[in-house]
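Common to both upcoming complexes is subunit A, partnered first by subunit B, then by subunit C.
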Partner chain A sequence: MSAPVAVKGRAGRARRGPLISRWGSLAVPLLVLLTAAFLLPMLLIVVRSVTDPADIGAGNYVTFFTNEADMRVLGNTFYIAVICTVACLAVGYPYAYLMAIVPQRVAGIMLVFVLVPFWSSLLVRTFAWEVILRDTGIINTLLLNLKVITEPLPLIRNTFAVILGMSQILLPFMVLPLYSVMQRIDPELTRAAANLGAGPFAAFRRVFVPLSFPGITAGSLLVFVLALGFYITPTILGSARETMISRFIADQVQVRVNWGLASAMAVILMVLTFTVLAIASRFVKLRDVYGALGES
Partner chain B sequence: MTDSFRRWNRVLLVVFGIMIIVFLVGPSLVIVPMGFTAGQILEFPPSGFSLQWYGKMFADPAWTSGFLNSFEVAVCTAVVASVLGTMAALGIARGRFPGKTIANALILSPLVVPVIVIGIGMFSFFVRFKLTGTLVGMVIAHTALSVPYVVVSVSTSLRSMDRNLEMAAANLGANPWRTFRRITLPLIMPGVFAGALFAFLESWDEVVVSIFMTTTKFRTLPVVMWEQVRQVVDPTVAAVATVLLATTTTVLTLALVVRRQAPVR
Partner chain C sequence: MRIRSRSIAALFVVIAISGACGSSATPAPTGAPTAAPTAAMTAAPTAAATAAATAADTAAPTGAALAPFCTKPPSQAGQTLTVVSYGGAYQAAQDKAWFKPYAAATGITITQSQDSANATIKSQVESGQVSWDLVDVGNDFGLDANANLLEPIDYSLVPKDQILPGFAATYRVAAITYGIVMAYRSDKFAGAVPQNWADFFNVAKFPGKRGLYDYSTGGVLEIALLADGVAPKDLYPLDVPRALKKLDTIKDSIVWWSSGAKSQEQIGAGEVTMSMMWNGRAWSAKHVDNKPVEVQWNQQLLVADYWVVPKGTPNKAAAMQMLGWMSCANNNGAVSKYITYGPPNKFAPVDPTNKPDLAVSNINGTSVTVNDQYLVTNSATLDEQYNAWKTK
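Right, the complex of A and B next:
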């Protein structure tokens, strides 16, 4: 009476039932929308990579893999992604460890400091680094005024700036999986190791670290794969030499209007992403990582 | 000996933790006072206090229309994503249909496919239907990007809810729709509401897909900011950044409070 929802009695729920149960049909609208607005566009890119210009076949891929400059961009992308992953692990591990050993309430506050940056605008956070690092930025102005330096330090438009900015933005993706694993490690285990004569460092290294390994793997793979696709941050904080594959794709579309090559590179980036994620999914459920982003 | 070693270790760790917090939130906070400067350039510390840059921001149609467009897109996205996402979460949790694993992967994949790929893909697809640079096109695009957060949030609520309550309602004679509306929906509402707020946030801050999906006629705030940041940067940009941050922080706080009040049983 009140709404046109199909709930006419409890007719016909045979043992086998229909292909799609009544509850199951609720998922259909979203799946239709995602197929039309997300899956088809992705397939279109795959098609364009081999048909634009007409009859190109694998030509765009050949062009990409035989062009030295293109390969340098790919190498650069890998290099920056690896350094970011290492940096995030080095900084995120102690932070997550601290979250795991402090009282629950303090850990909750520490979690908020990870969630707030995660949800704040990536563009604003990148802009903040630009304001801090550029020649007339906060650090250089301060040092010049204090007469520590006479020329501004080259803090921006280089690999250093790109890695600094990206690591800060990606850090939450390292901390959350690490923390979710460390939280479940029984503190009695390290205590037992200490009782058996292990020093505090040995107990940490031989017991705690190996148990946190799934978190290390999940966090590292997630940060790595997200770093591969970064566009805004390397474009603002880096120079042309720090061009990563995303910027390269955007330039092919916006400047050179070469959709075929751009699509081929997009497909390569997608394949890389899914390969890394397939490895990651053996260690952790992606859903858990993203679920943690809304908890507190 | 071991005790003092442990204590020093702890102290070092705490100092380190505070440094990381500063590293995470410090840079964004530095921008806030810079938008209130009485001077003519972006500087820290700002010279004097003034609202001149906020005045300039509200006088510039590029910023004001960007602001209104962003708000419109984010609100519509939150509504569409939370309705479709809640339905899908219910369908996946309770229903039966072929290819459920694939459906799950499809729903989560917008989180991990590089945004640049989504951006050029959606542009070249949507442009064929004249949907680029329109409210409808942007809402569809942002719904795809933000619906995973709704599904995850609602699924969590569904898992923690007590299904005996539904059975009790049914036993007392409520029909399925009434049971859903009076029992299930109120119980999962915090998850739905938090999901809607997360969808709002995702849309509000989204840049890369928006760069491709908008045109000069219809731009969102982050896109206008992106174009400004690459040119001359005056304190207006700091004022805009502050508005973006303030909105995010308010909505996120609301989302976290809502989630925390979720009935845990």
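Right, the complex of A and C next:
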């Protein structure tokens, strides 16, 4: 990691030419920050997972993999993250599509609707869902008073409530990449497809959807990875059956002060996340995914 | 190759964001805040037998001996001390009862922090940067398991023989006592009053959902066993399978809570008709939120919050002196004037208005003192069995 000035001075050895080197140097502070504040601590976590308590070796990992609840909750975590991703896609795709085809001004307003909740606290939004969904909440009280139902509907402390609450929080991460890709799709292309005899649906399905694919994968991966780290929303809106692994990690860190086991759990979650992404990268080009994010 | 490394760098950023999203709001196992009444502290500072004395096997007939520093603490001018508790109405009460008067009497400068956490003590001690001097912690911390993180309590200053049995140990001494009690909605059962934890588990006789503290060592296993007929003296070691079997009978009726504020809100909103609660929170639901909530003191679990001194603090001597002063019989009960938590010093007079609402005033033959040592020693296996049942 040499200083930018030095690169300029030895222009002959700079591989990418002086312009890129100079702009590339702007990334140095971030790289330093990431190394010091993220990569290094990450490494320390890996080390701690096999050294705390002393001589534990792989013991923390054995503890985790032989624990019935840990394994079940790990499965829950990935299951909920997948459902959440699908739910966000189902809601986010039509919304982003509408944003892409309406006039710019309307699209701007629609964007605000996505972003305003995004700017309010996760906790506030989760507690708001609780007030709406619980047995004595807004929906159930209304329906009970209107005599539509005689018993409160089971709207909370289940998977449904968790997916609802998490999807609302994660929706912007789906809509924004989708929209940034869709607005760059040339409308002439679907028109050309229609010209060649495709019906509206066929043109949409065989031309527009494939072209929007980078947005779909970008949004899905973002939502999926972010969803894996949730625990407050499932704790408040879900039952114990929707417990997610981050909750267990937090318990070990803050309550049990067993940082060795917590580190092992964090490493396992990270490795599994990387594995999923590695598998995903066999089917989609990750560069497209993050490119779609960068070039809005 | 370049493509891959770039994707991975982007991924790190994503993971960093996801870490930030899942922050805070984890359960802190402590008897935390309520609001305060305004009654005057009328009991004489040197009084002998008090409400707390009912719990004592041997109430000293002539009252507790007071060390000279209890009434006239030596000057600490120029000294500073960082005292840490859980914030809210609880720490405000501690401030009024202890921190301010002690600062006024000694000239010491007390800096307060409101974010007590076991993990922070550990990270301070491990990094050698100890900035907390006196910390209020929950009952799951401060036993010998944490010996490497804490300074031993100086019992030449703290009157150990006056503290309720079990509430003073090598590295910690109780700050306040509280009860894990059954709170119920008095408007939901047509006048019927639930008498014990067995009634709590009887959803046919007392319909509605039940609030429970989602924490394996937070009392949930104990109340299940009491409900199933286990005698208080036979409670420990806990028969976990039996407790979980009992809990299973109401599993679909359980609404879990993870913070005291949440338990107060759940019963206040009527989402649950009965809840296991910290007595201060139940009191607040009734007196601050004005909800029809009553407490059944039968079979209460008696617990405490504790003072600990992190190992390696440069202000150890000053911390021990303040701890000694707060534990004196004449000072220990002062907090009960501002919040319904009682003194661990059995000779300490309590606020007469709040006396009926303190855990120590309601100790009877059915009360259970929680066995922290057992819970801490076995927390890993208790967690394992409890979580396996809970997430099933």
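As a working rule, the second predicted complex is superposed on the first by the 225 of 296 C-alpha atoms of A that agree within 3 Å, B and C clash if a C-alpha of one lies under 4 Å from a C-alpha of the other, contacts with A are read in each partner's own complex, and residues count from 1 in each chain.
The criterion applied here is as follows: a residue touches a chain if its C-beta (ideal position, glycine included) is under 8 Å from a C-beta of that chain, and two chains touch if they have at least 3 such contacts.
Values in this document were obtained by computation on a predicted structure and should not be read as measured data.
Undergrad: Look at A:Leu143 in the shared chain and tell me whether it touches subunit B only, subunit C only, both, or neither; answer first, second, both or neither.
TA: In the superposed model, A:Leu143 contacts neither subunit B nor subunit C.
Undergrad: Does the superposition put A:Asn67 against subunit B (first), subunit C (second), both, or neither?
TA: The answer is second: A:Asn67 touches subunit C but not subunit B.
Undergrad: Touching A:Asn76, do we find subunit B (first), subunit C (second), both, or neither?
TA: A:Asn76 sits against subunit C, while subunit B stays out of touch.
Undergrad: So, A:Leu228: does it touch subunit B (first), subunit C (second), both, or neither?
TA: Both partners, subunit B and subunit C.
Undergrad: In the superposed arrangement, which partner chain does A:Thr273 touch: subunit B (first), subunit C (second), both, or neither?
TA: both
Undergrad: Just subunit B (first), just subunit C (second), both, or neither: which does A:Ile185 touch?
TA: neither
Undergrad: Which touches a greater number of subunit A residues, subunit B or subunit C?
TA: Touching more residues of subunit A than the other partner does is B.
Undergrad: Have a look at where A:Arg256 lands relative to subunit B and subunit C in the superposition and call it first, second, both or neither.
TA: In the superposition, A:Arg256 touches subunit C alone.
Undergrad: Classify the contacts of A:Phe38 with the two partner chains as first (subunit B alone), second (subunit C alone), both, or neither.
TA: Touch status of A:Phe38: both partners.
Undergrad: Applying the document's definition of touch, where does A:Leu153 land relative to subunit B and subunit C: first, second, both, or neither?
TA: Touch status of A:Leu153: no partner.
Undergrad: Overlap of the subunit B and subunit C footprints on subunit A, residue-wise?
TA: Correct list for subunit A: 34, 38-39, 122-123, 136, 225-226, 228-229, 231-232, 246, 250, 253, 259, 270, 273, 277, 286-287, 290, 293.
Undergrad: Along subunit A, where are the residues that touch subunit C in the complex?
TA: 34, 38-39, 67-70, 72-73, 76, 122-123, 134-136, 157, 221-222, 225-226, 228-232, 235, 239-241, 243, 246, 248, 250-251, 253-259, 270, 273-274, 277, 281, 285-287, 289-290, 293
Undergrad: Under the definition above, what is the set of subunit C residues touching subunit A in their complex?
TA: So the residues of subunit C touching subunit A come out as 3-4, 6-7, 9-19, 21-22, 24-29, 117-119, 122, 140-141, 146, 209, 214-215, 255-256, 258, 269-271, 379-380, 383-384, 387-388, 390-392.
Undergrad: Inside the complex, what are the residues of subunit A that reach subunit B?
TA: Going through subunit A, the ones touching subunit B are 2-3, 5, 7, 10, 17, 19-31, 33-35, 37-42, 44-45, 48, 91, 94-95, 97-98, 110, 112-117, 119-125, 127-132, 136, 138, 141, 168, 171-172, 199-200, 225-226, 228-229, 231-232, 236, 246, 249-250, 253, 259, 262-263, 266, 269-270, 273, 277, 286-287, 290-291, 293-296.
Undergrad: In the complex, go through subunit B and note every residue touching subunit A.
TA: Going through subunit B, the ones touching subunit A are 2, 5-6, 9, 13-14, 16-17, 20-21, 23-25, 27-28, 30-31, 34, 41-44, 84-85, 87-88, 90-98, 103-104, 106-126, 140-141, 143-144, 147-149, 151-153, 156, 175-177, 194-195, 198, 201, 204-205, 207-208, 211-212, 222, 225-226, 229-230, 233, 237-238, 241, 244-245, 248-249, 252, 255-256, 259-260.
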